[in-house]
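Below are two complexes that have chain A in common, paired first with chain B and then with chain C.
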Partner chain A sequence: MNHLSSPSPLSPAILSPAWHPIAAAADLPFRHVFHGKLLGRELAVWRADDGHVNVWDNRCLHRGVRLSIGMNDGAELKCQYHGWRYASRSAGCTYIPAHPANSPSRQVTNRVFPAIERHGLIWAALEPDQPFAGLPAGDWFAAREVIFHAPAERVLQAVAEEAAPCSLAWLSPYAMRLALRAAPEETLIILAQPADGGTTIIRALRDRAPSDAKTWLRQINRIFVTMRDAIEADAPAGADLAEPDFSPLPAELAEPAAPAPAGLTVTVARKWQVAADVFALNLRPLAGILPAFQPGAHIDVTLPDGTVRQYSLTGGPDENEFWTIGVRLMPNSRGGSRMIAEQVREGDLLSLSAPRHNFPLRRDALRSVLIAGGIGLTPLLAMAKALRHGGHPFELHVFARDQAHLPFAETLRGFGESVQTYLGHDPAQTQEAIKNLLGPHGVSQHVYVCGAPGLIDAVTRTATGLGWPDEAVHYEHFSNDRTIDSSSSFTLELARSALTVEVPAGCSMLSAIRQAGVSLPSSCERGACGTCVVKVLEGVPDHQDVYLNATEKLSGRSVVTCVSRANSQRLVLDL
Partner chain B sequence: MITLYDYETAADCYKVRLLLGILGLPFELVPVDIYPGDDHRRPAFLDISPLAELPVLTDGGVTLTDAQAILVWLASRYDGDEKWLPREAAALSSVQHWLGMAARLAATAGAARMALAKTAALDVAPLQAEAHRLLRVIDEHFWFAERDGGDWLVPLSHPTIADLACFPDLALCEEAGISRIDYPAIRRWLDRVKRIPGFSVMSGVFPASRGRADAVVSTTS
Partner chain C sequence: MQTTRDLVYDNWHPVCTRLAHGAKTLRTLLLDVPIEAQAGPRIRRADTGAELPVLERFGLVWTTLGRPDQDLFDVPEFLEPDRRNLSAGPIGVAVSAPRAIENFLDLAHFPFVHTDILGAEPHTEVKDYEVRTSEDGREIIATGCEFFQPLAALTAAGGKKVDYIYRVPHPFCSVLYKSCFVDPSRMDVIAIFAQPMTQETIRAHLVMSMLDDVHSDTEMRRFQQTIFGQDKPILENQRPRRLPLDPRAETPIRADLSGIAYRRWLSAGRVTYGVIPAQH
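For the complex of A and B:
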């Protein structure tokens, strides 16, 4: 009747000792955050709407407040204290409400522990790369967990003493197979979770559901509760029965987690056409999980021939298992998009940078207007998905040549009335449409635009004319069509590095800075993406980029180092 | 007009505000300065609350003390659907059972919380130990209730005043030095209460994320 009592597939020590059950699957209902503990470490455990189980350190990286009192919105976990948000899977911080116009640093990433859902339980390991070995496949049926305020050895010893003669076999230091004297005909698996030095959680499993589950669950619960009461009565009340453990974090945890590696390799899982001239690529990590990204982020893609191109991520907060980019085959392609369109196939590997965030989205606006021209839709698609997920009002206006050239038309249909499309508009009609859709500026209104330079110019000019302040107008250029004048020569002072660097004609500031041994991240290197922006302390920049807005350029407080130069003989940078 | 004599951070006052909010009843709020003012011990207040206790509710010529009694009054008088206070014998007696539990929670976890907030001088350790004993029983109750598809203290398809009566001291017990880490089924129920339409928060009680759209609790017929 019970196959476990006859020669069994379970040999001693079959369960890996590094993995412990930390919750029952039923402990993670829709949008709940479970408060767990393993080997003294507090855990915030939550299931995203896509089913992924996150097991994290139970504290916000900001002020150390427990994330187990936070809010699970189905894709992100929000801290109750100052609203910092962390993405499912990667635990990267995606939004800081106190700095709505900025992107959180990639370094702000919570500690993630490996987790597996198996046998109706959630298992976790505190160390990475530990092989998991569970029970044999089957319809394991777990009783209610019983929490003992006693050390694991003590509890396991007491459980072992309740074993029927010759029925006990150890499966790991924290697991055994036995029949209880109180029910000798039934073999159980007993799993002990060492929550901390003085707390042990016992779970009893049966190899299949009993015919009378209710009676069995009550019976097993009664047996272990009785055992618990006896053990606890025998020992002085544990200190943590009276006092919750509010112990301070170890110093190593107060440090941010190690930064994500600079590059990652992905597989092209799917490639499909989303407009007459646009391909979508679905990218999945070769190993591990993708880092968190924020709406508006772009990545550098290194193509098989070594060229590097920038593409925006189109996914919403609930799309963190894979990334989707859109690639337009330009008639005058420099080769990059042509190569993706013609040569890259499903199954190919691509090398990517971590996401860069130079086009951040505020999540506190009363009105967010997203304006896309053709392939410029890609970052705005991510923004629209994030705003929709968060329940924030938004409008998405998409300009395209015709229906065939409208990218991601199917996704757009899913937005219903939030989307408005404008097909075949000439510049005058476009101008008129922008004027009508923007309207005069009101409090807490922001417009985001991405597309051809003509569209961005039209939106920025129209918005300014309607009274929209510069800080409410956000744009992202794909490229900088201006001819760069690199004929000037000047002296750079790098204030923090205490270096003086000459920039001769024909050489960019970025190259001169790097040649002096100072590292500076860059991406497009054409004055469009803003990755290499540096603060200016003294001197007058000669702006040649399309990244900074008019106010920022006028203030002279920052400079895009890949294309801009100096109008003064000397420029002092905060580097 | 309903008048509630209230102390903002008192769990017993919060449970009355919860039901008033859920039923959508207009009321006048009279703040009583318990600490540091000690206004609840003044003769004028003792006339309406001889035990110097809050909340006090006056309504239609009736003056009521005791939070549980006030919940019974409001539900009987204003909830025509008879959901918050069911009248069927088994359900009604179960509500009464959990109203008694609410009083025990107030006397243990609630008292420890007030002591730690320095508004009462009490030895908190025995109060906390007794509260843990109650929480173990309540957690077990919810675990088995969930197995039968039950979401609430009383085995009905909707919450009752029993849930509202027990909620404040359970939601605030960590302020009483009573960790809820050992009570996962209670924590799940706290989320469910927070999703009742009309639910309101107080200091120390944080909102839950929205539940499933199709799982909105119906508290009216």
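For the complex of A and C:
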């Protein structure tokens, strides 16, 4: 049956058996989601506006609704059932509308399959790390696919029999090359996509467009349809239909505790100046895909000398191929920022933490006011981009010393009238401007501020004075300028670990907890970022951080373990 | 032989509204068994011809294949004389009964599935609410649920914050109580009684008991049918179609507290029909 042809110009092209065509490129028009199937597994296939083709498990992790009925907004896929959003490339969940005040507390990430667009087709593999080998580059011309309700082996056998007058070579268990003996320069590739146990999708590719395309397409279509009718009449379909199988989720998704975020290595792809004292860095992953992040997220950057610094991610939902951070070089800067500004060059490698989400953005507000002071713009830039992408109303107010010190001025111009800049204001003018821009609080209004402590104080005080409740005022400090008083000593009880730990004077709760063998993530370790917050079950915390707001501090239900202590002899933590 | 009573098999299930005298025989399925319903009402198995017990409640005819050890649950509001009791079903859905019940308990989908009726973006937040199991363990009750709704009912004028109470007194039946705009001291009652035809197909019997003197029966039925018509394509696109009871199978959040309790309750009751039991 196998009439192997003599070596032809195509002979090195042995297709990788793990890869299958799952759609035609034309099946992915602008902002569409295509429902594919391969080896019994349903796939949601969609193209982001930047061209990236995503091939995912066809279900929302929340309640199993097919994502192929979801909405492609160009950068994220939104589930129809509860509006959960998943980022292009990483498939990480970026937003859960039922809890707008929280970042998704766990790293909810859909399953991503490797995909590639080649020869007018979308190819995918169900197993990771299988190298793709395609046909040689060329002007491939594809006929429309024909669906056979029969197993792939049966269909391929029929095609091989039908093709007996041609010379035939198998390129993989699911692909063959045909050449007419009479016209060996014309090559036809037949590809079988085993959708499931009883369904096979057949595609034909020619190595160049035929002179009379319409006649050729009709001819091919007629051959396949005739063959299909014969096969389906012979063996009625339906007996062997495999239901898509869903593997259980990884255990960490079912557990409330967040898994330890894995580190990442990135290349500095670009470094450029975005203000007199600010550099921007474009960070690309050395391998693989960057995890999804939400607006307001920060990362820890480990510098060549081992120091760790926190920087906010400035990208919007459509910037998932690389991350951008802004680094300010201050005259009396600690080593970190100076080292990035002066020593880190394009091409250098940096080690990063996974994104941390302690400054979440609500997307259910009727009005979102973003107030930035200088380099404090960075997290708010990500928020502004997300709000613009989602079509939510927002205002971005940026305070800076002068035009030369206004960071990301070019990006800001892109926001048009949503941006207002305030240059060279003294504290009194700043105060007045904040009062005017905030106005009295209305239903569903939220303000976000990041910048120097003076600006954050001014905004929180003014907002409170104007009747804004604490839960509507969100801020992020870069550092905690308070002097930490670590002279007290007390007893910690870790309820879930059933451990009692003594915290002596001069030792932080965080170090005492870690010395007892209980792991707890941390980032800035200065009481600013909120990564090491823990729930308090009993006792009175002595708050020394700048992360929790006044209401949260008063309630005493959580504590920032890196700097805060206890006012009671005993503190019971949910750890 | 059934040795212990099965929460599904030995329970009452809805079949149809009361059939008029001389109406055509209704042929349908209950738990994969073909049954026939006639005026009377009389219901028998179509495979063995055996007569089945019949119960009339909430405007529907109920039957059982097994030996129920108790009467059907009660919804006392149906007996209040000034209420209008209407049925707006049945609607066939290619989904398991528990998936349909879990959807009925869900608030978070309102802005996305019932857009501009039971919810609207950006009002997407689900506030924390309470879920408990009744003292005898026979029923789940969710209280303190509230949601912003643009058009909560035909009697609601404009957007309102609406309070909900949910009951699950039967593995495949749920009853909700929601703010009534005619009489703020009382609540409208809407129920879904799922008839499990097979493990993955149901007939959804929708029943309501409303305080509304203005709208016609047809208007009120259409309102419920519109709502359920919006749920149907979502339900039919859930995979797997059966409700997975393994906590690792899907990703619940705080807003799903009632769904979490429902899944646990089904597990505890050893329900196997229409679910994928957790592997222990």
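Following the convention adopted for this analysis, the second predicted complex is superposed on the first by the 529 of 575 C-alpha atoms of A that agree within 3 Å, B and C clash if a C-alpha of one lies under 4 Å from a C-alpha of the other, contacts with A are read in each partner's own complex, and residues count from 1 in each chain.
Criterion: contacts are C-beta pairs under 8 Å (C-beta built on N, C-alpha and C of every residue); 3 or more make two chains touch, one makes a residue touch a chain.
Keep in mind that what you see is a predicted model, and the values were worked out from it rather than measured.
*Asks:* In the superposed arrangement, does A:D27 touch chain B (first), chain C (second), both or neither?
*Replies:* So A:D27 only meets chain B here.
*Asks:* Per the contact definition in the header, classify A:A150: touching chain B only (first), chain C only (second), both, or neither.
*Replies:* neither
*Asks:* Where does A:V344 make contact in the superposed view: on chain B (first), on chain C (second), on both, or on neither?
*Replies:* Neither partner.
*Asks:* Look at A:A91 in the shared chain and tell me whether it touches chain B only, chain C only, both, or neither; answer first, second, both or neither.
*Replies:* Neither chain B nor chain C is touched by A:A91.
*Asks:* Name the contact category of A:A179: first (chain B only), second (chain C only), both, or neither.
*Replies:* neither
*Asks:* Looking at A:I69, would you say it contacts chain B, chain C, both, or neither? Reply first, second, both or neither.
*Replies:* A:I69 contacts both chain B and chain C.
*Asks:* Between chain B and chain C, whom does A:Q80 touch in the aligned arrangement: first, second, both, or neither?
*Replies:* It touches chain B and chain C both.
*Asks:* Please write out, lowest number first, the residues of chain A touched by both chain B and chain C across the two complexes.
*Replies:* Residues 42, 69, 80, 243-244 of chain A touch both chain B and chain C.
*Asks:* Looking at the complex, which residues from chain A come into contact with chain C?
*Replies:* Its residues touching chain C are 42, 58-59, 61-66, 69, 79-83, 96-101, 106, 108, 243-244, 246, 248-249, 251, 253-254, 363-366, 392, 444.
*Asks:* What residues on chain B touch chain A, complex-wise?
*Replies:* 125, 128-129, 132, 140, 143-144, 146-148, 174, 177-182, 184, 187-188, 191, 206-212, 215
*Asks:* Applying the document's contact rule, which stretches of chain C touch chain A when the two form their complex?
*Replies:* 102, 107-109, 111-113, 121-126, 233-234, 237-240, 244, 246-255
*Asks:* Along chain A, where are the residues that touch chain B in the complex?
*Replies:* 23, 26-27, 29-32, 34-37, 42, 69, 71-74, 78, 80, 144, 147, 199, 213-214, 217-218, 221, 225, 237, 240-245
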